[in-house]
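For reference, the structure I am asking about is given below.
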Amino acid sequence: MPNFQQIINRIHSDLKATKNTGEVADYIPELGKVDGEKFGIYLNNIHGDNYEVGDTQVPFSIQSISKVFTLAMAFASQGNELWKRVDVEPSGNPFNYLSLLENEEGIPRNPLINSGAIVVADCLVSTLKNPKEDFLQFVRGLAGDDSISYNLEVAESERKTGFRNYAIANLLKSFDNLANPVEDVLDFYFHQCSLEMTCEQLSNSFFAFANHGKCMKNKQCLTEKQAKRINAIMLTCGFYDEAGEFAFEVGLPGKSGVGGGIVALLPNHYVITAWSPPLNPKGNSYLGMQALEQFTTETKSSIF
Amino acid sequence: MPNFQQIINRIHSDLKATKNTGEVADYIPELGKVDGEKFGIYLNNIHGDNYEVGDTQVPFSIQSISKVFTLAMAFASQGNELWKRVDVEPSGNPFNYLSLLENEEGIPRNPLINSGAIVVADCLVSTLKNPKEDFLQFVRGLAGDDSISYNLEVAESERKTGFRNYAIANLLKSFDNLANPVEDVLDFYFHQCSLEMTCEQLSNSFFAFANHGKCMKNKQCLTEKQAKRINAIMLTCGFYDEAGEFAFEVGLPGKSGVGGGIVALLPNHYVITAWSPPLNPKGNSYLGMQALEQFTTETKSSIF
Amino acid sequence: MPNFQQIINRIHSDLKATKNTGEVADYIPELGKVDGEKFGIYLNNIHGDNYEVGDTQVPFSIQSISKVFTLAMAFASQGNELWKRVDVEPSGNPFNYLSLLENEEGIPRNPLINSGAIVVADCLVSTLKNPKEDFLQFVRGLAGDDSISYNLEVAESERKTGFRNYAIANLLKSFDNLANPVEDVLDFYFHQCSLEMTCEQLSNSFFAFANHGKCMKNKQCLTEKQAKRINAIMLTCGFYDEAGEFAFEVGLPGKSGVGGGIVALLPNHYVITAWSPPLNPKGNSYLGMQALEQFTTETKSSIF
Amino acid sequence: MPNFQQIINRIHSDLKATKNTGEVADYIPELGKVDGEKFGIYLNNIHGDNYEVGDTQVPFSIQSISKVFTLAMAFASQGNELWKRVDVEPSGNPFNYLSLLENEEGIPRNPLINSGAIVVADCLVSTLKNPKEDFLQFVRGLAGDDSISYNLEVAESERKTGFRNYAIANLLKSFDNLANPVEDVLDFYFHQCSLEMTCEQLSNSFFAFANHGKCMKNKQCLTEKQAKRINAIMLTCGFYDEAGEFAFEVGLPGKSGVGGGIVALLPNHYVITAWSPPLNPKGNSYLGMQALEQFTTETKSSIF
């Protein structure tokens, strides 16, 4: 077995020493305030071991990574009914593109682009008693950690500047693919995106996807089949128009967020999280992408 | 270990008994002559065992499956230079769509759609001494079988009716992404598509992708890394606008052709080939898709 | 000079006798309540003569025809500054399509599609003291008729169901091409669309476009050049993806609305208005289009 | 009546004195050899008067202007049957764009973009005995001038480099909207584009469109209705994605070519031709566009 600690240490120090050409996202004002120098890598395997280096205990905004949690929660409760309202095909387009939605009669290409995630949010708003509270409990349960919370300032910042998400939600509404009022769905959506987690918490919350659906505290949060399918969606759709590149270079299912977090997993083996706020031109963490690529290359771990 | 023979037998007889709503491709006249009742499943694992049921020894036109072979041959010889001329992102579009090509300045989305495969063919025409002969030897080497050949009538039939491929090649030429004359590249391309193989031969020829790049006769045809990367491309791009669905339902890298063949593989374990000519509306074998889905469900084998 | 009265009489009775395959718009519930049998034709020339047949004195919802009025008002006050925020090219797309907007960085193709008209509305909301009142006075001035009003129920009905317009306005906002809050702009926009006018009032209000910018009461509402340019925009963009067909078949600048109204004009000669609620598949009045085509054919009047 | 000679003299000298930021087209090597300083303006009215200034007697490559002649010839012989194979809507896209063709099942948007003109060429190849000779006679007849000829070197130059036109023709073929072999249709098409005419010849050849279908020698080449309809198509589609701008700024039906020629007409009054090879970014003559704009502004002549 490779020495995980040694490998992540070296990757961390090597990348720290390189010039970071990425840029911290500032389209949501609150996100722009983060310290761009932060950089952490955390790995936990299904045997309960964990390894970490750098800023792994600093909470950051997980943003789009939350789409995996809402997908898991909706899929677990609704099963394949969900696929009537959202497809599972890669989009080949930036994360916030509307055009495909229009050409495809309001059925988003997949649940990991904004339009698809808004449909998933709508499902949860329809079925949960207290959507924001219940969803938070679900994520806390996945991670086995009750300290995870929303950042209400980030949620409010997104609400004030999220015109494109309002456009998407209204367009979905015009296609009859949004059951609840736009404001209610987006209120939930902006909250889910504002979740703050550390590298450790994020790795723990993805444990179930590497572990046949069983989460940290050994509870079966998802069926084995559901976990597999969400992994498949992550692999084909988790990195927007860089999904093929990630599959090709890294070779693991994963998901990124504009907060600079990336989490990926090798089924039956481990979850790895990297966090560094500056983003490459496609909106994925500049250092995070390289860290994962080097990690899977050195450990020869890949699903392929 | 599951009893592979028993499983493929049952799947074969179950599917034989269902109504096949697919339709045999006839846009190339020669293809329309095939017997739509044919149905075979063949599986070989990396330990040398093999299992088969039905029409596994009947040669059929592999069509687009040949794109994996040309990709492997070009990637093996040119390495990452290849990616300057073709991308690795899923297209989200039908296999013969031109529009993306136009929006993306003549760089095809990936090497498994027609435009990408024509660029790969152009690379081989540039570098091989006797392109058609040399490529045939490469495929024979992969499969360890010298009886594999082109079907010249199919190649000629494609040449006469392949207006859309002529359109693609000319468009690539207008973007300076085709080094050789259109006729030369398409002559090679129509021949590669006309390759005829049995289920057994096809499974054998994909052995290297499941076996770290080593082919049947234990020769290292590809590096381990190249094999992994081609698997990644197959997973994200191997089934056109049904790629996400295949990853989701089947969970294996694979490739289909309009001749009704599908081949998929579980890295380090096995290759499975199914053949049944009638196609679903997305252009993939109607029974073949179901056969593979049932197989991976029953054997719980998936890369996820 | 042709006998206008006789010609419109015959066209009216001929068309009344044909089967009307159009359908009354009901995407806004209030619009669906109109009597589909209504049919009127009104013509006024620049010498002050007028001719009418059928339901020319019944007020109806002018809907998109109002875009010509807001364009005229904004162009008159801002001049060519306006073209920094909206282009003058035909779109070749349905009236409520968003995709082009996304590909063209938030600059609508022209002021007569919804996105363009919403930008024009935003200009007026920015510059007018009491936007809804001032605009109403402007239209009353054009027509020389103070009885013209908004239909507040229609405006409210559009507000409640106008998700696609909310999507457009939010998308414009995300591209920084909307200065005022979405709600304020759309409140104005839904009111302008709800204007009710009779065939006679509509013809009178377009008098200035046929008369070098001078309106009914001989006031110079627009410069001669502005009137010409608005006519040019009507010809190339006034009928959405049927603009070329209208130029080809009718040969006059004009504008249609989903309320079933169409108004067209021969510069220096006349304005003609037809109203019949059932629409053809492209969203233009089924009988109205035919009435105008027959009229210009019989009178040999066309700008070409 | 304005003093046409004085006006075109002044426009010519004023524009000669300004900096020309346009660029001579060189995508066809032969076209790049033209003298970029050439600049001529020619006007003939329906009473037989004519006015000219500058290089009006130098033959140049009319290129896309020839699409009006093929359209006229095909429309005259086939009538409205033609519209089954090509539409009359503005495209809002560059002249050589393929994408719309794909989305619209092989029916080009209009006869003045390349795809539409290739369909029209196909019609003529089908119906004419000696297509190239017969078409040349038709154009000579329109202009009343037997010295007009093809430039065979330009035609050959286009054939060798016209990959995009080959792509279009093959795509049309794949949609069954091309009856003849690709090579035959393009041979005709490349010849039509290679026609060389002087400003005077071009103005004379458009005489019929300004004169109710009657050409220079008083022969009725087109019906009055056909002439009107071709004028309508020129207005909405004659300047690619600058069609709206031209209607707006100039206000006349017209057609441009990448050879730097522009011809426009005021029905019942005159034809005006301007020629200056350097093109603006949309592919229309930089000086020619300005010359026509200034001319219609000063003479207050516009169809609107």
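We just call them A, B, C and D in the order they show up, numbering each chain from 1.
Here, a residue touches a chain if its C-beta (ideal position, glycine included) is under 8 Å from a C-beta of that chain, and two chains touch if they have at least 3 such contacts.
Going by UniProt, the chains are A, B, C, D = Glutaminase.
Just so we're clear, the structure is a prediction, and the values are computed from it rather than from any experiment.
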Most distant chain from subunit C (Glutaminase) by Cα centroid: B
Interface composition of copies subunit A (Glutaminase) and subunit B (Glutaminase): same or different, split at half: same
Interchain centroid distance [CA atoms averaged], subunit A (Glutaminase)/subunit C (Glutaminase), Å: 47
CA centroid of subunit A (Glutaminase) to CA centroid of subunit D (Glutaminase), Å: 55
Subunit A (Glutaminase) and subunit B (Glutaminase): spacing of chain centres that average the CA atoms, whole Å: 32
Residues of subunit D (Glutaminase) engaged with two or more neighbouring chains: none
Chain pairs that touch, as defined at the top of this document: A-B, A-C, B-D, C-D
Contacting residues of subunit C (Glutaminase) [partner subunit A (Glutaminase), same complex]: 97-99, 102-103, 163-164, 166-168, 170-171, 173-174, 182
Footprint of subunit A (Glutaminase) on subunit B (Glutaminase) - complex, ascending: 87-93, 100, 109-110, 224, 227-229, 231-233, 235-237, 241-245, 247-248, 251, 253, 267, 300, 302-304
